[in-house]
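First the structure, in the form of structure tokens, and then the observations on it.
Order of writing sets the labels: A, B, C and D. Residues in every chain begin at 1.
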Amino acid sequence: MFHTVLIANRGEIALRVARTCRELGLRVAAVYSTEDRDSAVVRFADQAVCVGPGPARHSYLYLPAIMEAARQTGADAVHPGYGFLSEQPDFAEACAAAGLTFVGPPAGVIDQLGDKSTARAAMAEAGLPLLPGTIEPVADAEAVAKVAADIGYPVIVKAVAGGGGRGMQVVNDPDDLPRQYREIRSTAQSLFGDDRVYVERYLPAARHVEVQVLCDQHGNGLHLGQRDCSVQRRRQKIIEESPAPGLPPEVVEQMGGAAVRGLLAAGYVGAGTVEFLVDDQQRFYFMEVNCRIQVEHPVTEMTHGIDIVREQLRIAAGERIAATQQELAARGWAIECRINAEDPTRDFMPTPGALTTLDFPGGPFVRVDTAAVAGGRISAAYDPLLAKIAVWAPDRPQAISRMRRALSELVVEGPGVSTNRDFLLTALDHPLFVAGTHDTSLVERLNSQPREEQ
Amino acid sequence: MFHTVLIANRGEIALRVARTCRELGLRVAAVYSTEDRDSAVVRFADQAVCVGPGPARHSYLYLPAIMEAARQTGADAVHPGYGFLSEQPDFAEACAAAGLTFVGPPAGVIDQLGDKSTARAAMAEAGLPLLPGTIEPVADAEAVAKVAADIGYPVIVKAVAGGGGRGMQVVNDPDDLPRQYREIRSTAQSLFGDDRVYVERYLPAARHVEVQVLCDQHGNGLHLGQRDCSVQRRRQKIIEESPAPGLPPEVVEQMGGAAVRGLLAAGYVGAGTVEFLVDDQQRFYFMEVNCRIQVEHPVTEMTHGIDIVREQLRIAAGERIAATQQELAARGWAIECRINAEDPTRDFMPTPGALTTLDFPGGPFVRVDTAAVAGGRISAAYDPLLAKIAVWAPDRPQAISRMRRALSELVVEGPGVSTNRDFLLTALDHPLFVAGTHDTSLVERLNSQPREEQ
Amino acid sequence: MTSLLEPAQSDRPAPLAEALDEVRRSAQSLLADLGDRPRALRIRAGDVVVEMEWTEQQRSAATAVVAAAPDAPPEPKAAPVGSDISAPIVGTFYRAPEPGAAPFVSEGDQVHKGQQVGIVEAMKLMIPVEAETDGRIVAAIAADGAPVEFGEPLFRVEPSAQ
Amino acid sequence: MTSLLEPAQSDRPAPLAEALDEVRRSAQSLLADLGDRPRALRIRAGDVVVEMEWTEQQRSAATAVVAAAPDAPPEPKAAPVGSDISAPIVGTFYRAPEPGAAPFVSEGDQVHKGQQVGIVEAMKLMIPVEAETDGRIVAAIAADGAPVEFGEPLFRVEPSAQ
């Protein structure tokens, strides 16, 4: 095992990783920007290094600064968390070149799976079902129009380099296609420096279901079941749960097996997630691979009783996965809600600011992951995630009741700060969510409904 | 199920019970003394009634005030928590007379099992092993001396009405017996208004292991495994864990079966705990029954995935236990530490006061039960329990590491306030605890060792 | 978003907040270092003044008070104030000895210390409510038959001049 | 156990704590009700005095400051102060262009704005450190070859008079 782990991240995930490092007896080195001088992980860490000013491109995304911090702290491993440099092949490569263990898949695998075009090709070859569409990027508007006519409208045009809900455009009408095609290419170029796009059928009423996979360096892989992440606002998840409601056992098994097969075929190492869309006929289609720990990993930890960060570190240290798929047993139901400092009534606009009062829920089967403290603040420089609240219960109805109870205990106060707490409660109450038959359109339904109807 | 549950308690357990009531959709009625006006459960509850001034005998222990609060709030059930009126047969009886459901066993059962003499008689009859000694109270010093000579020294003289570590005296030397006998009778008279005592063999190196039992109103009973509570200071538990380390599977099964048999024979209803002493030969002896939820119930909840308060309420509402003993499966290991506002260097003297800073641990597999808030205070009028921190892990070594991490995150500050946090860390580090071979003498060993040796 | 403490995109608290903080911290650290308490303390920095005085017997405990006061619990909901007569127990309040009878006292009545002014019934116990001082009933606060909590005001009394 | 706030076995806070609380609350509630801010406020109750003043421009924001000040974040650990020259990146600091060479600048030297005074090496990149103002090097804070963090002070500079 390692001696010192540099955590190249901030916020709740940096603290989350630090906690497991501490439990494993590993020294914790944190990095921070000047915005985060007094953050939770800085206080928790054995050593902390200031890597730059507030804007992430000059600190958390600035490769030379992070590499220097690793050198100065004597780190022998680097955990990238999620976001920031976590899926940058350059970072994995720089770590390898500096003799540091990167806690994640090899640079080449990140490169292949981060490009949606090569990822789709690899997964298709491994036998995973894809939505009808193109594997190779499409060269011009005419080619797109031809593909779209073949597979039928609506279609979705996606940036090859996209991800996290950015760089995609639904096209409902052939007449709009030329304009929308130009727009998405231009957006993709400005967001990712890569204007290649591909086309596939768009499922308006799909569920977002993903599989948590672990692969070691010795060719062993297994999955820790599904997560349903269909409750999304602006294509970002806000409620996640495990297992996925209503998914037939044979689909659970087929999808899990496909995910493991796909990642093993790609030479994956570490914890990874394979995202699928599930249509109303319970058919599933490969969407993308996330080469990192996910924000929503706690729900899987709660149902499986497994510390996924611990498994990441053990795998990175060369240990073998000891368990077999058959030995794993999930128990009960877990739900996570992301508490964002944002205003749902103003299109989820972030509401950063000072936190004067902060009370988190506690008690039976409630887990809180947060880096926020009363007296601290939510910085405008970063993502507005304030806390993750996760609950476990023997079944889904009890888990929903428990989450409602937990959210009711949450108190966040500060000048100008609001949260999506009440919005989450409304979503949890929606008949489609209660029935477990909702899809990714749930939030739109909530927003288009007058309040009286809810 | 009920409409409104009156919670006849305060502090963390009142909030704990309130949380489950809320999850079940039940209205929560709290009571409070003038010391607890702004307490967590008062803020959480749907209704709260002031039942008297700070001293418990005029508020939480004052039966007419509690009964009036139940009437005023329209409660149809009363949850007594632990301590205070929870094991007073009069209270259970008053509830029954007022047409309220008492969440606990019938008054007659509390009466029988609360008296150590009748409890021992009942458990002996149900076939539970007792330590050599008397079942009936012993009438005078001569009779005690005769029994003690028969069973061999050391013996322990215990008040029939005793409990919670009070009203007992170890006698090592026959010459001390007459004096110590007089003293314990006098103590018992002043503490409990009942000077009857009995004698049994004293085990200097015993482990304290208890079984969590659930019995419904239809004659069904099962147990949720063991808890080891051998780490005690001044005969009060400070670290509890489940399962009990090193207990052979056949002893686990025999002890569990005996506990269920004993309580069913006594006509028990609800959640109850049967406490045993285990000697160094893994022989177990019945000690006492606790007719209430225990402080340390969270460790059982974590290993079994069962909300025990929920089961209490369902049983009180007349529901049947649906599961069988064979269907229950415990997972992993759970440990709880009681964080007390006390000074271990001054014989664990309570250190009440204002709490200016309060940071509790969080993240994976950590549970915190507390009613304390920053800006609040620990009242001198009540027990100094500040919080319960419980962790879960797949095995005991990981659970210990996790507890060490969790305790390291705890920050409690306030003028004059100290906690037993560091003392708990020292206990967790002790080679006997790490090996799981400690007994109830562990805390004494820690206190008698010079610091250098630890 | 009008708080001075958090101007958008700025890293530093605004001047007044800083000064307040500085003066408070300076007072706290000065007092902590002293060990004992002075008779008076006055610190001025720019627009901020903290002025403190202690009496002899208060000196030993002043630090705790300074530290704890900003976090002190809010106003009790129903604390007895002035010379209210408050409920001695949670229960049902009665103004008259039995249904239909005249009330023990009415607004405007003079009462003397120890005089019965009502009853609280709790668990069939009839607990007399007595005036705590000589005076005049200014207001009957709780209605006949009302549920009352411990300490809830029942009557407001204007004490007689000594 | 010497805190006045928590006398053993007593139900009530001590007189000083109560009075302090009262005055603070009274000030807060008075100010909250006013809506705008007065020029000065002085509240005295027994031994306790709260005295407050505002300037014209502070009036509108005073409440937020009052409420938030006790929770303001602590002083940043290594913020650049005065006219320090600080590290532009985390890395290794060098005072000279190459091993054995004379340092770019020494204590007492005059420097002009933009003049190179050192190097920070990060990932084999040699990043020049430049004076941010005309002035005199008063102190060399970081040693040659020392690891430095972003923003860490390297030199103290006394700016030239304008």
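Just so we're on the same page, a residue touches a chain if its C-beta (ideal position, glycine included) is under 8 Å from a C-beta of that chain, and two chains touch if they have at least 3 such contacts.
Since the model is a prediction, treat every value here as computed from it, not as a measurement.
Chemist: Rotation angle for the CA superposition of chain C on chain D, to the nearest 5°?
Modeler: Result for this pair is 175 degrees.
Chemist: Starting from the Cα centroid of chain A, hunt down the chain whose centroid lies farthest away.
Modeler: That would be chain C.
Chemist: How many angstrom lie between the centres of chain C and chain D, each centre taken as the mean Cα position?
Modeler: 38
Chemist: What is the distance in Å between the mean C-alpha positions of chain A and chain B?
Modeler: 42
Chemist: Report the inter-centroid distance (CA atoms only) between chain A and chain C in whole Å.
Modeler: 51
Chemist: Please report how many Å separate the Cα centroid of chain B from that of chain D, as a whole number.
Modeler: Distance between chain centres: 49 Å.
Chemist: In chain C, what residues contact two or more other chains?
Modeler: 2-3, 5, 11, 64, 68, 72
Chemist: Mark out which residues of chain A touch at least two other chains, giving numbers and ranges.
Modeler: If we look for residues of chain A contacting two or more partner chains, we find 34, 354, 374, 377, 415.
Chemist: Report the residues of chain B in contact with chain C in the complex, numbered from low to high.
Modeler: Against chain C, the touching part of chain B is residues 34, 37-38, 49-53, 59, 62-65, 67-69, 72, 94, 353-354, 356, 374-377, 414-416.
Chemist: Contact residues on chain B for chain A in the complex?
Modeler: 15-16, 19-20, 22-25, 44, 298, 301, 305-307, 309, 331-332, 359-360, 362-370, 373-374, 392-394, 398, 401-402, 404-405, 408-409
Chemist: In the complex formed with chain B, which residues of chain C make contact?
Modeler: 63-64, 67-68, 71-74, 76-79, 89-92, 122-123, 125, 147, 149-152
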